[in-house]
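Below are two complexes that have chain A in common, paired first with chain B and then with chain C.
Coming up: the complex of A and B.
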């Protein structure tokens, strides 16, 4: 099975020998969390400015370009897009198009996560099952999820079920494969330790296997979240009557160009918000992982 | 307490079979502290894994308190050499020590008592809420020792536990092991490649031969119970014992076992 290369430095995770072999016993423990130099130096206001700098410049450049006479019908100026944005999405369309899309995205992502982690754990733990199932998985994985849309329409109709299935089918792979890898990479010394101290069964799964695989699982989830947004839009572009993908195609066909742009901007904002939220969760789940890696690097 | 009889381990790798351990027989009395020393590559880790029930021997038996060891027995705790890889990095020091006690289904109050006591014994009370990776190597190994003693084992196995810590920390930890052993009266099997360490710590030293391994010599350490890093190591008896074990190891490396002195 070809592996997604998300865990670039598993080796450093595994050898948990201190960076310096002659390290003295320090009377003071290292602080629990370390921040990067830039983040520590900058206050919240400065950090916000830092984040907003490049977007402001880009919008400015785009504006200067589109404000020129004859810049074109298809590239409206940012203020026109902003007006369309406010009119469109601060109206009932938010409930008709945005919320259902977001709902399908989240349900699809959650189902994919559940299936991916459960199946991935099973495959990671059992080499025989893995050998049996792997070729089939390889084949299924090779099918681009959008081509499933026509089939799904026949099987599941054109409602939410079809769209969620398309999202699940596309999102499950990175989660599944990363979970398999993470579960297989449980440190043998740690596994022996757990056995010696009678940590078995579901406790072993919970405190050893899943925790130890969590960096890879989170990497898989992160990839899948991005995929989920793409698949959400694609599934709505076919035979649909609501949703963001549907709305954008509709705007394009009716030459409602600023509205079409407003849809794209909303998708961008949604993606950004979801990935920020994900980062927040990841920070909580993987605090130990980041801390221990920083400790290895001798920060 | 711990009885190893005719232990043999052969690793089968396709057409070639490697006999790591040939025929090992020895016994540890209850409350004894025995060091196992041998040339590198003599199968110390293999032996320890068989004793711990982590590996099935090809032949022979291991018995703990009369019961054959087929899987990790509840009355045994192990301290591994790779402290950094044997502690759960996602758990605090306290949670690491407490986890095996939870699996033993001890009531909460008893668990807390044991965790507090054992962390106190290794001098890490102040670090109970830290994560292992926030601590130095020596401190991490102390956590592993605290976890082992909180488990209240009948037998404590230690697999070259101080091989990866610096010399000063190592001396401290050696004294800690002696102290814990004297106070708790637990049976300890301490595997090491360091002859000085074996003689300094043990009441008895078992010298292993080169692979395929047998017990080459069984040396009783007639040093006083109270040992200290300076005095004991200068003791004339210490030097004599050290010389004897050293000679045995040298012989073992050449593969010719002399008649035990």
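Coming up: the complex of A and C.
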């Protein structure tokens, strides 16, 4: 995750972080990939086949490896994991462990998004505030959230508050930094035009600043979503008595290995589902951007 | 982890004398030491094995014992199963669960035993001094911090509640590392903590009140931890494991007879404060596992739902 050095000089900055609707790709934001004509024509059947091909091969290889006699206690066969998965997660445990975890994850992610976008916009718009705050932010960003857990227990208790704080503290940085860069990179011609037309205040924020920063904000959100899942698990390893992360650690400690694998599989599925959902939202939010890029390339 | 110079010299001589290094498992040449690796947690309970290495109880039997520190039972057990460790140290509850899950583990000898005295054991339950809680039964409806849930700590604390006439099902347990417990207790995030030495001493000396000795409530001679290996490993080298068992027994007997030696060696492999080492309660180190106490513990684990059915302890115990 590289990020550009923050220059006060707007001209040099514009070279590293271009205004969004251009060909160049900024080092911070990962603009969404355009679908090629072939993929668009292929239809849902082939797309499903594409998604399933590699997992099928991987499970097959793993199965062949674990089906050998004496493959080991710690590598159960996929069918044993599947049985454990069905028994565990199609039961009340889903409501006791999975739903609360998912809830904390979504709340933490939402709070991080709010703080990140609000603070990022403020910093992106005002160079003086940015210069004042930046060193502190860099300092805080370098602290791994798990080491703050004892402090957070003091501040927020041992309940959901602490776990959400851990998620927020880890997730806020990609959103914040990408928002700052996105807001700074607003096309000056557009900004001048908006001023000429008397577009100011919240309207300017909505139709110009946030709009034009949105590809980078979405890239930051996408990075944070992946982080949120990891931090959800980590936060549940401390002062816990329920949750998906807690359950996986428990299974490991009580030598319930197929159950432990079933927990990891569920985490993976959750990650995949959340990322797919995110892609849908992103498609709607950034529809204008993709259209503009496509037009720019003459498609 | 610090072999004496004599031991090092012996090993070097042996290495020079031998044309090739014979892998462990083969008959050693005259005077050659077999390298044995043990997985231990750097806590008070394993002082005897450190003393045993220092006093030469292992090298006298031709064993060059290397002690490797692991973070906990869950990390050490896989090490024994995959052969990285020849034997290791774990609490008894984890061993019972592992055996029931199908891991072929066998106990070699006792690890550490409850001091057996109410209010003066090496582990206990603590509350704030001004708390309304006077006995374990008062923990009903309160939150108690435990280092590991579904293990020996909560099982024995539940027994304390039961013995005191309370309903252990009404107690909420939450996981916290021992070092974080005092702060959580003082800020009122939790109502009580279960801690073992040296943390128990730190908590006691901070003015908190001890309300139960959960090991003693479970069994006055409770074998809390044990040394163990895998069935495969001991079957491959029965004579070596006879020697290891004998050396462990000698180490435990020495530690039991010389508590000052235990306190001295603690300063060499732990970071415990010297003053705390002087004052803390030590476990007892009888060489035999108290079978009756392990059966009591196993019954409680069944009652509390940690185990589905009565475990086969004969397979686990020596």
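Here, the second predicted complex is superposed on the first by the 265 of 299 C-alpha atoms of A that agree within 3 Å, B and C clash if a C-alpha of one lies under 4 Å from a C-alpha of the other, contacts with A are read in each partner's own complex, and residues count from 1 in each chain.
Everything that follows uses one rule, which is that contacts are C-beta pairs under 8 Å (C-beta built on N, C-alpha and C of every residue); 3 or more make two chains touch, one makes a residue touch a chain.
What you see is a predicted model; the values in this text were computed from it and never measured.
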Chain B or chain C, by number of chain A residues touched: B
First (chain B), second (chain C), both or neither touched by A:199: first
First, second, both or neither for A:66, with chain B first and chain C second: neither
Touching partner for A:275 - first (chain B), second (chain C), both, neither: neither
Touched partner set for A:252, first chain B, second chain C, both or neither: second
Common ground on chain A, meaning residues reached by chain C in one complex and by chain B in the other: none
Residues of chain A touching chain C in the complex: 72-74, 150, 153-154, 157-158, 238-241, 246, 250, 252-257
Of chain A, residues touching chain B in the complex: 14-18, 21-26, 29-32, 187, 189-190, 192-193, 195-200, 203, 207-208, 211, 214, 288-289, 291-292, 295-296
Footprint of chain A on chain B - complex, ascending: 49, 52-54, 71-72, 74, 76-78, 80, 82, 84-91, 99-100, 102-104, 127, 130-131, 133-139, 147, 151, 164, 166, 168-169, 172
Partner chain A, residues of chain C touching it in the complex: 72-74, 77-78, 81-82, 94, 97-98, 101-103, 143, 145, 148-151, 172-177, 180, 183-184, 187, 189-190, 306
